[in-house]
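Quick heads-up: structures coming right below.
In what comes next, chain A is part of two complexes: it sits with chain B in the first one and with chain C in the second one.
Coming up: the complex of A and B.
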């Protein structure tokens, strides 16, 4: 510690320590810790906080699983179903993005030449400078009942009634996959780019068919990139709020929308915090599963 | 045709499709902004109009949102750039054994869903306000303040990563030389380190502002009764019946595309300048060596 002060001088050391402590303690660690604490408490008005009713309780978590004590159903089917649907749909979106992006990432990293590859990267980045909400809005214009896709289908005579893509959640899945493409492409690209092209040549010279080159040479090398791309896309999809609000059908919900309701119209913050903790845990489980599956460390994912 | 040629054709076809998928939604939205119908749509085409653009500026709610977003963006810049810089410097000096733990903690906000950051910021400062017995006008309950804090939680991690990348190329002997020549630590910081980091500071500021400007997931929880551009937009898009939204999209796309291209050009110029400087240094070294040779 004295070494730290000697190395940076008193003034600079003070700045460094203050800034980092403010960030780590007041912005990262304490809010998370407090949210966890908060999720185990009753929903009380400010006047009663610290009073005799301010005790720890599991009721917020119990509500997610079993519903309100007086309800007729054994489980809180609505919320559990939304939770499962959010997780499964996010995995689905992740797989779609991987399938879409792998060929492009491979092409830019190993096949395309200098200037052309750079222009393709620029083209990839451009759409993602556009606001998330406006991107979702553009999918409404495409997929709406009076949207472009329905108009094309109808004029070709494929359907005679417009298809309600929004109600069928097609627009939502398309919009979510679209929203996070960039976060899949770049980790994949970085990983594949570091592969020595000679290895691919060697495999080809030895008579390996193209699919086996990918399966046995490129993908094993790109494992950290695949893992970090999948983790990022999964977390952002599971935690998405704008796209489900804008593109989700009227009857279907995303788990984040339920959380949002607890904080707004529901007015039950501890309940919302408990749901948020469940979402965070689900993301954590996913990361650990990916790390297990790909046998890599967290440092390699967060790179 | 050989199977190789067919495969090449398929690959090109796929790439074209992929980029169509990327750009069609944006192009369609752009067209809807100029279509003369009361609903944002492209077909049927009812004729070209510019009337949705003035409609935008008449929207007081949206203008208020934009102004708030700009102030929040400035606040986030002012908070996350110094924090990211300090965190990056500390990272280069922290003890080897602590490094992994430290890195995991400071990068965790990037890997956390934005809604979680918004919620934890909201409940934490709300409780802190209750604890301090603050009144409801104080900053503990201010939507603008909480939004700046909540967004900076993860944006500081972005800026830190930018500074880390640049610091890896910093030659510490420059610092030592300045200290040996009698400079104070503060002077070294301002006259050696900051000038070296200048490009990274500009990138970090730009990234911080833009990320803040378009953030929704964290903001929607922390902003409470106030509004930003994104919360106003989300409310309007959910109603989804006004072509002036498409007009706004065209304006935003225009501005962001111009700035994205400008950033890209600036970065390439910086890279070229660095390459040129490196080549110049190598050349100078060679001439010096050549000049030293006869003397030996």
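Coming up: the complex of A and C.
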């Protein structure tokens, strides 16, 4: 610790420590601790807060699993189903993004040269200057029953009736995949870019077909980048609100939308907090399990 | 098992730039053949054309008589050893060596057996389970060779593989490489800018400059009978004297220089009147005492001298900006060379070559 102060000087050291403490405590730990606390409380009107009914309870969590005590079903099928679907759909979005971004990242990092690679990166970034809501609604225009894609398909005579992309969740998957594409491209690009091109050529020279070069040389090298890209996309997809709200079909509910309703229209913050905590923990457990499976440490993701 | 490699009028262009101009040569079966030249002379380009990473713009590369056009690097009977080795750091030593076999669908047990055999060959037995990062520079070098040999190539291509090693190890690896080549008996094509490597290991050497193959021959041919000014100045040290051919006398040519008329072997059949350069090596120069009967005598002054252990270099004022270098074996009774002292040095006409004026390698 004294070494740290000596190296950086008193002023900078103090600033660094305060900044990190501020960041961790005020921005991360405190709000989440409040949410955690909320999730174990009853939903009471302001007058009763601090009163005899203000006790810790598991009822909010119980509600997610078993539904309201008076309901006929043994479990809260609706919400559990939405929860599961959100997780699975987020895995899908992650896989779609990986499949889309890996070739792009590989191309920019190892094949394209200089100016062309830079302009490709710029082309990837530019669309994200448009805000999220606008992008989501423009996807509605694109995928709507009277939208651009249907108009083209119909005028080419490929379909007679417009396809309802919104109902089929195509628009939702497209919108979510698109929303987080950069978070996949850049970690992948960084990881692949640091691979010595000679290794690719060496593998090729030893007779390797292209897919094995990727499987045995490029992907193992890029594993930390793949892990960090997939983690980001999965977490953010599972926690997305705008895209599911705007692009989701009428029957498809995203778990975040339920959380949003508890907080907002439902006015039941403890219930919303409990749902949000469950989503957070589920995502964490899932990501850690996958990392365990692929033998990746947290430190590698931060590389 | 092995195969010859032919470059049939190979020209390689990158846009406007011609990297290799009309290379036309045949590398024999089982030969240790080096391409020697300064960086940017096109030697690596030739290697990439043989390995299949690029196609010649004109001409043909043939391996074992078969035209290689359109055949990718993964389908050619060649294996390349990269300058930085390009070992796979995430695989074990044995997995590195067996990678080519894994690609060919060889089973795990068989792969391991072959890897162990090759580890024996490179004197690293029992180290197959180590990570590549745990090996020393020389060991990595040998693993790279074993990895290339594992696929049983007909031609092994080496792109300056020793340049990253320190001097001692480099000299040791020269002997080792040569020994491995003789054991496996396949064709080696070796790229280097280090004439010492080329001279000690190769059966034959092609000296290149600016995309042109200047001369092909054994080490001593290239050194003793350099055919161009570039070869004479690039391979080993040489003292150039520029002038005009005054007369031709049998095998010799006489050339008028700022040091008077000098005589050397007329290797390229120059005729009287043509611009020429005479080259004489530092070790061919010697002191002339009194009225010595040397073919050629140069009067100059001593600039300085350097003691280099087994020999002694004396720098004399030369023609233009370049000093004349004379090296003398340390026989124990050398005279002292005082700065500014007059010196008469001479050399035999048979030890000098007269060549057309041309590009001279800069040191």
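Going forward, the second predicted complex is superposed on the first by the 278 of 303 C-alpha atoms of A that agree within 3 Å, B and C clash if a C-alpha of one lies under 4 Å from a C-alpha of the other, contacts with A are read in each partner's own complex, and residues count from 1 in each chain.
The definition used in the following text is that a contact is a pair of C-beta atoms (placed from the backbone, for glycine too) under 8 Å apart; a residue touches a chain by one contact, two chains touch by 3 or more.
Because the structure is predicted, anything quoted here is derived from the model rather than measured.
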Chain B versus chain C as contact partner of A:168, first or second or both or neither: neither
I'd like to know which partner A:15 touches here: chain B for first, chain C for second, both or neither. first
Scan A:216 for contacts with chain B and chain C and give back first, second, both or neither. second
After lining up the shared chain so the two structures overlap, which partner does A:198 touch, if you call chain B first and chain C second: first, second, both or neither? second
Could you look at A:276 and tell me whether it touches chain B, chain C, both or neither (first, second, both, neither)? first
More chain A residues in contact - chain B or chain C: B
In the superposed arrangement, does A:288 touch chain B (first), chain C (second), both or neither? neither
A:24 in the overlay: touching chain B, chain C, both, or neither? Say first, second, both or neither. first
Would you check which partner chain A:78 touches, where first means chain B only, second means chain C only, and both and neither mean what they say? neither
Which residues of chain A are in contact with chain B in one complex and with chain C in the other? none
Please output the residues of chain A touching chain C within their complex, sorted ascending. 196, 198-199, 201-209, 212, 216-217, 220-221
Residue ranges of chain B touching chain A (in the complex, touch as defined): 7, 11, 14-15, 18-19, 21-26, 28-29, 32, 39-44, 82-83, 85-87, 89-90, 93, 100, 103-117, 119-127, 130, 149, 152-153, 156, 184-186, 188-189, 210, 214, 216-217, 220-221, 230, 233-234, 237-238, 240, 245-246, 248-249, 252-253, 256-257, 259-261, 264
What does chain C use to touch chain A in their complex? 51-53, 72-75, 78-80, 82-84, 86-88, 90-91, 99-100, 102-104, 147-148, 151
Can you list the residues on chain A that touch chain B in the complex? 4, 7-12, 15-16, 18-20, 22-24, 27-32, 34-35, 38, 46, 49, 100, 103-104, 107, 111, 122-127, 129-142, 144, 146-148, 151, 178, 181, 210, 231-232, 235-236, 238-242, 245-246, 256, 259-260, 263, 269, 272-273, 276, 279-280, 283, 287, 298-299, 301-302
